[in-house]
Amino acid sequence: MADINIVAATPVIIVAGTSVVTLSLGLVPWRRVRLYGPLLAAGTALIAAMVMSGVLWGDRQLAFDGNIRADRFSLLLNFVFLIAALAVIMFSWREPASVDRRGEWPSLVLASTAGMMLVAGSGDLITLFLGIELLSVALYALCAIEVWRERSLESGLKYLIVGAVGSAFFLYGLAMLFGATGSLKFSEIGREISQQSLANEPFLLAAIALIVVGLGFKASAAPFHMWTPDVYEGAPTGITAFMSTGTKAAAIAAFLLIFQGILPGVEGDWQAAIITIAVASIVVGNIAALVQRNLKRLLAYSSIAQAGYLLIGIATGTIAGAEATLYYLFAYLAMTLAAFAVVLIRERQVPDGERLESLSGYWRTSPLLAVVMTIAMLSLAGFPPLSGFVGKFLLFGSAVDADLAWLAVVGAIGSVVSVVYYLRVVGVIWFGQTDPEREERRLGPVTGATVVGVTSALAAIALTFATNPILDVCRGAAESLLAP
Amino acid sequence: MILAPFVAALFVIALPPQIGVLPVRAMAMVGALVALAANCYILAGFDRDGAELQFVDTQEWATQVGLEWNVGVDGIAIWLVLLTTVLFTLAIIATILRPPSREPQFLMLLLMGETALLGLFTANNLVLFYVFWEAMLIPFAFMIGIWGNEDRREALMRFVVYTMVGSLVMLVAVVGTAFVARDVTGQFTYEIQALRAVDFTETQSTLLFAGFALAFAIKLPLWPFHGWLPRAYGAAPLLVTALLAAVMSKAAVYGLLRVGVPVFPEGADNFTIPLLTLAVIGIVYGSVVAWRQDSMRMLIGYSSLAHLGFIVLGIMAFDVIGGQGAVLQMVNHGIVVAASFAIVAVISRAANREMIDSVSGLSAVAPRMAYVFLLVAMAALAIPGSNAFVGEFFILTGTFRWHVWAASLATIGIVYAAIYMLRLYQDSFMGPLRATGRATDAELTVKDAIYMAPLVLAMLFIAFYPAALVGATEASIKRAVAPAQIAADRPPEDIAEPVVPNPPPAVQPLPGDEPDLTAEDAGAPR
Amino acid sequence: MNTVPIAAYISVSAVLFALGLLGVLSRRNPLLLLLAVELMLNAANVALVGFSRFHETTDGQVFALVVMVVAASEVVIGLGLVVAVFRQRLELNVDLMSRMRG
Amino acid sequence: MNVLAWIVLGLPFVAFLILLAPPKEPPRKLTRALAVAPIGIGFLLSVTIFGVYLSRPGDERLEVSSLWEWIDIGGLPVDLAIQVDDLTVYMMLVITGIGSMILLFATDYMEPDRDYRRFFAEMNFFVFSMLLLVMAGNFFFLIVGWGLVGLASYLLIGYYYDRPSAVAASKKAFVINVIGDVGMVLAAFLLVRELGTLDYGEVFARADSELGQGTGTSEAIAFLLLVGVAAKSAQFPLHTWLPDAMEGPTPVSALIHAATMVTAGVYLIVRCQVLYQNAPIASDTIAVIGAITLFFAATIAFMQEDIKRVLAWSTVSQIGYMIMGAGLGLYGAAMFHLLMHAFFKALLFLSAGAVIHALAGEQSLNRMGGLRRHLGWPTLGFLVGAFALAGIAPFSGFFSKDEILEQAIELGAFGISLAVVGTIGSVMTAFYAFRAYFRAFEGPDREGGYGHLHRTNWRMVIPIAVLTVGAAFAGWVQVPSGWHLIDDWLEPAFLAAPDVKATVTSEVIISLSTFVFGLAAIGLAWWMFGRGSEWRLRHANVLPGVRRVVEDQYMLNEVYDEVFVKSGKDLGDAMARDVEPGGVFRSVKTTVGVFLAAAAGLRWMQSGLVRSYVFVFIVGAAVIAAVVILSGVI
């Protein structure tokens, strides 16, 4: 019974372990080590975890008696999390918060990453909950890590309060699920549900509703999105990027895992709920973003809308939908990181770098970053042939395929509305006037962020041209969800 | 061929600014000329009687999405491709001769626009078509946004939003088409040629056609979807306005002819009357409004609204004559409008903000320009004997065979064309000499002649030997309109017999997915 | 064995959960908010334990233990933040923390 | 023959290109040679063709030749083809013959102008277009020629481009001609729709059987062509452009607006006689329109003070005769009158032109008088022309005009009533023709005398002399009850002409009445105008209302302005200023407004208060619960 098979859990273990190591590295007396050690260690750990994820690629392996899985699905998502985390580490080079809290910063990032990986690789409800909590708790701290900034504190506290409520809902949902099936293991829950036609069972219904609410909160889907803009705005920009990519991916992974992995038999019970939050997210996110002048808030609303698109894929309940969702996660990762990289750099260059106006005429001073931002925005808006387009195309296609054509139409209308605010950014960059009086300062080199930005922008393009192989991978991952 | 300008664009952007503008110019010219040369090569090897796509090139791209690189030209596409390469080459020459600020970027965007349009005209895959359709928007939006006048923000916003609404509808239609087609035949494909064979039910066909038609109508623009036109045409740099009117509008009519009518004959048939009505309204409305414009540029812009109405008539008549005339007129209109805008550019050197009443009597100081303008004006108002007359004549001939009312009402546009073009010509070149700027600036210089001469020569060539173009379109047009003719219940002797019949509906179901075809066919749309 | 019916467990936990929610809604002090959240988590614990008995497995109880630890860590972070807020000499009132809005 | 015909057609076009090509004004001698020679050579070649055809039997006098297949579209081939038959040769002779004379005249007349070569280039372009019109082998190129002569006419009317009145006149002429073109193209559409071809041969061969006698289609085609005819030949109600067209240089008026282009309508009816014989209603309409036009134009000619405008209205009126004749099916007579009219009207214009030239541009009759004593040839020319115009035997107009009237009488009550109108018109013609003559050439010199007069040199005199001879004697080629050379020549081209022969009685009636009343009218004109201006000035205020209406051309211009131009402008303004910004854009603005309002609402909800967030959270959870439960129940 006690099948430990620790190898299958190595990626998580590496990351979690290094989290502790970096924390201690920040305490060692040698200044040089204090300065660079934690970041280097974190980077190394992340790369090592990626390598391990690659090595483990293949059919499902179970660790710790099936509480942690390593299959195509979890490993693929590991890449999303690890890339996001790596980006944050690179962002944090010379980041004020990171300089101040040398050990804690990478340690918390790694802890949060480990939480995400646990979510994707969980094999039972406890691991899942642990993962969710681990990533959230670390993020609460990260949001507020710039304790000298009132906004950062406010952001952390808001996130904590609403997040705790969300977690409570989620946990209660898990309890209900346990109550309905009498098991905590995914495989057994799935078997239980398929065997004893539990559809419309009150406990199951309650579980579904509560889980949708809890995960919807994590994915910042409307109407559980209210915290998103405030927290995104207040948190350090690197963390915001991490939240909007990693957390969202983790939440979406949990959605996929629960609804497509273990509850496919009762699709009728949960589909409507997911459609509801998907539509609400698309509508709210896109409309609210129309009037935003703060780039981070704008990206926050945009991420709400993007969550809506991602949920479309889940709502279909088909392999094609899951596949599209996974592809779009990668595309979304690339374009969001690119966008945040530019915001981050601009923040360090000018005092109010997160204002939309600060980008006015930016292409004159920094054409490369202007192109990066343009690609990111166009891709987010779904302009072909960028990866954002391909992803949306797949998502809407899967919706049409699942007889949810109207959902695709809603999504498409939403993306038209979104064009307005995305292109406003592009317009400001290219067509705006430069303000000669603006104080330009440079807070040290921003190479790390630049590298991330350029790489992400290139990835946003490359994903299009490599659609075929990547989709194959995604399909494998999606199929492994349903494998017994 | 399509990629040549794109590669050149990459080079242009990659060249460091220090080395000066010459290599950039050279690179841009090379890109445009390579495309032109490739085009000539294709033209030389083109089988004029074939209805099939020729020079097909296929590459896997994203099979699961149905996206693949699948391009080729037929008798319709080749002329639009030619028009694109020629006009963009001229545009690049014109840019080099009278460079705007930040010339390299402008050239780069021009080349990217050319790429998108070439891709659009050759795409044989609905998704690819859509990709290029959208890609076309970006360079034009940038050119308006960076080099436009002070009104550009509003204009750009409107332009982008309108077109995005259109593309969105089209996107839904594109996806819908493939899925509905799969339900009907069991084959999942976005290939346009294969989709032609699909036997959609009338409802499916109507709905999908409506989606495409709306997108095309906005891009055209067809009345009343032209809300973006005045601002965009007004705010863009003149060269860009010219390209918008000359080439980009063709994308929409081309789509109608390539996708709309052949793939959804029943739907097209159901929309005949509404589209014809809108086209006719557009012709009259555009003409009347053009007449009352104060600015030369807007006059031409609105006239373009009217002329595109004619092309729509020709396509929606489902008539071989009308269709061939429409293709010819696409080329004609592209040339004539480009030449018209070029003339406006020359005149405006002596005028105040392109206002018509700011100059008059320029014939006295600019006799050569007067001749050229006269020639172009006559072509624009389609005087018998001009190239545009050939197109309009046969468009209306075709339309008249089936929809007497539409053709008859459209002739109002011919009369108004005379009125507004003469207004433009006479007010600026006749009467007592008066100019805001230096009147002699309006004379044709050698620089202007370099890019205007090819346009004028092309106009004359088509006027004297239209068969060179029209001859190659017949087979393709027959193939395109035959299904729609059948759908319109035309008498059998009037239905064109395509040289290459459309392939029979593919009935090879995918492995493991063998739908009950009879049930599917009989069933209502899902 | 005379067992407490499952409905009772669930009722109690639901009431606790609702009370926690009410607390979150009505309190302004972050500390009290944290308490209310704790209440909600523990409501879930009650449910877990109840189900655990109902299904006659220990899994639920294990889960409840884990939750307790997690809840504790959450509170720790929360308290840390409260302290940080206090050190910035800001008033401990969540309604005043609304600098970011819109 | 075809080669010759192509050369005739091509020469003026080549001349046009050569004249335009050099960047600077070429030497005037060269321009003159290039201007006149092609048309002169064309005339000689036309005569050659005529000679060859004369030696052939009637049914071999038709050749069609195609330069290249111009287009083949959807099974509708159109060749760049010409058709040379009797009718074509006849028209070619008129165009090149009269044309070469007028151009020769113009080389001197235009001497003071600085844009010398432009004038001749455009004139050659006109001749080319006109030849294309008459030589075209199918309806498509007929329309092309039809449009191009309109263009040439436009260019030449607006030749003095810095004169606003000329510019306005040219625009008017062009627009009305485009209306005519539209009629023509619609007729062509109908032909394609019904017959699937545009070739003369096929259309005429199949018209009888496939279009049918008196059917709606036949009538429709005939009526649509009639629109073109009325616009081009300045027939009521589309005649208003022709008098304004006198803004062009006088040779232009002579060639285009008197001798050739405006008679294209007559040519068209004769060419399409098969179609018109199938369309009795349209034919009768044409005849009536001709009659109306000839009568009212004559009345307007009474009141004109400008010598060229008198001639312009007389042209409108005379074409009315031809159109009336053609409408009645009297194709031979109509064509005969066309030729005679070309002679005498060209002569009148050239003579008037010589006068204007001599007076350095003066055109008003008020500023003339007694010119007989100063200008010899022009006086003779004008006098002979006036006699011919008035239809006084034995000048040319007598034979041709009377032939139309005589034959009309044979066509029953309808014909007789039209003939009566024609006869009255003829008398009026005599009156206004001599009114102009007396006021310009007789009586005392104008006040202040003439001072220096530009001399007329040989290049002006020769054309006047030649045309004088023509106007005086050409009528003898066709003498009632004697010989009819023109009818004989055109016989093969008359595919459907009804055989109408005037009886001796009608000949006598018409000849006597026109002759006697004509002479009386001339006498009246002499009594009123021949003795100076006293009588005229004394009676200047008789019937002021009538005078004003007639002078204003029955207000037709004003009505058109009000009804079409002004309302069109208002409509355009309304659309451009109100509908465009309002109707089309408002919907967009509203939509955008809704979105922005929604965004503002969401912004308000985003209050920054954590507890409100939790509240929304809970509401959302309730909604989700409801959804889940509902979907579970359903």
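Every chain is named by a letter (A, B, C and D) in the order it is written, and numbering of its residues begins at 1.
Going forward, a contact is a pair of C-beta atoms (placed from the backbone, for glycine too) under 8 Å apart; a residue touches a chain by one contact, two chains touch by 3 or more.
The model shown is predicted, which means the values in this text are computed figures rather than measured ones.
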item: Most centrally placed chain, judged by C-alpha centres; value: B
item: Interchain centroid distance [CA atoms averaged], chain B/chain C, Å; value: 64
item: For chain B paired with chain D, centre-to-centre distance based on mean C-alpha positions, whole Å; value: 38
item: Length of the line joining the C-alpha centres of chain A and chain C, rounded to whole Å; value: 25
item: Approximate Å spacing (C-alpha centroids) for the pair chain C, chain D; value: 97
item: Multi-partner residues of chain C (each touching 2 or more other chains); value: 21, 24, 94, 97-102
item: Contacts with 2+ other chains: residues of chain A; value: 157-158, 161, 165, 229-230
item: All pairs of touching chains, each written as two labels joined by a dash; value: A-B, A-C, A-D, B-D, C-D
item: Interfacial residue positions of chain A with respect to chain D in the complex; value: 157-158, 161-162, 165-166, 169, 199-200, 205-206, 208-210, 212-213, 216-217, 222-224, 226-227, 229-230, 268-273, 276-277, 280, 284, 287-291, 417
item: Residue numbers on chain C that touch chain D, as the complex places them; value: 21, 24-25, 28, 94-95, 97-102
item: Chain D-facing residues of chain B, complex; value: 158, 224, 226-227, 230, 285, 288-289, 291-293, 319-325, 361, 363-364, 367-368, 371, 374, 378, 381, 383-385, 389-390, 393-394, 396-398, 400-401, 407-408, 411, 414-415, 418-419, 422, 426, 429-433, 465-467, 470-471, 474, 477, 496
item: List of chain A residues in touch with chain C within their complex; value: 125-126, 129-130, 133, 137, 140-141, 144, 147-148, 150-151, 153-158, 160-161, 164-165, 167-168, 171-172, 174-176, 178-179, 182-184, 229-230, 233-234, 292, 297
item: Residues of chain B defined as touching chain A within the complex; value: 60-65, 67, 127, 130-135, 137-138, 141-142, 145-146, 152-153, 156-157, 160-161, 164-165, 168-169, 171-172, 175-176, 178-179, 526
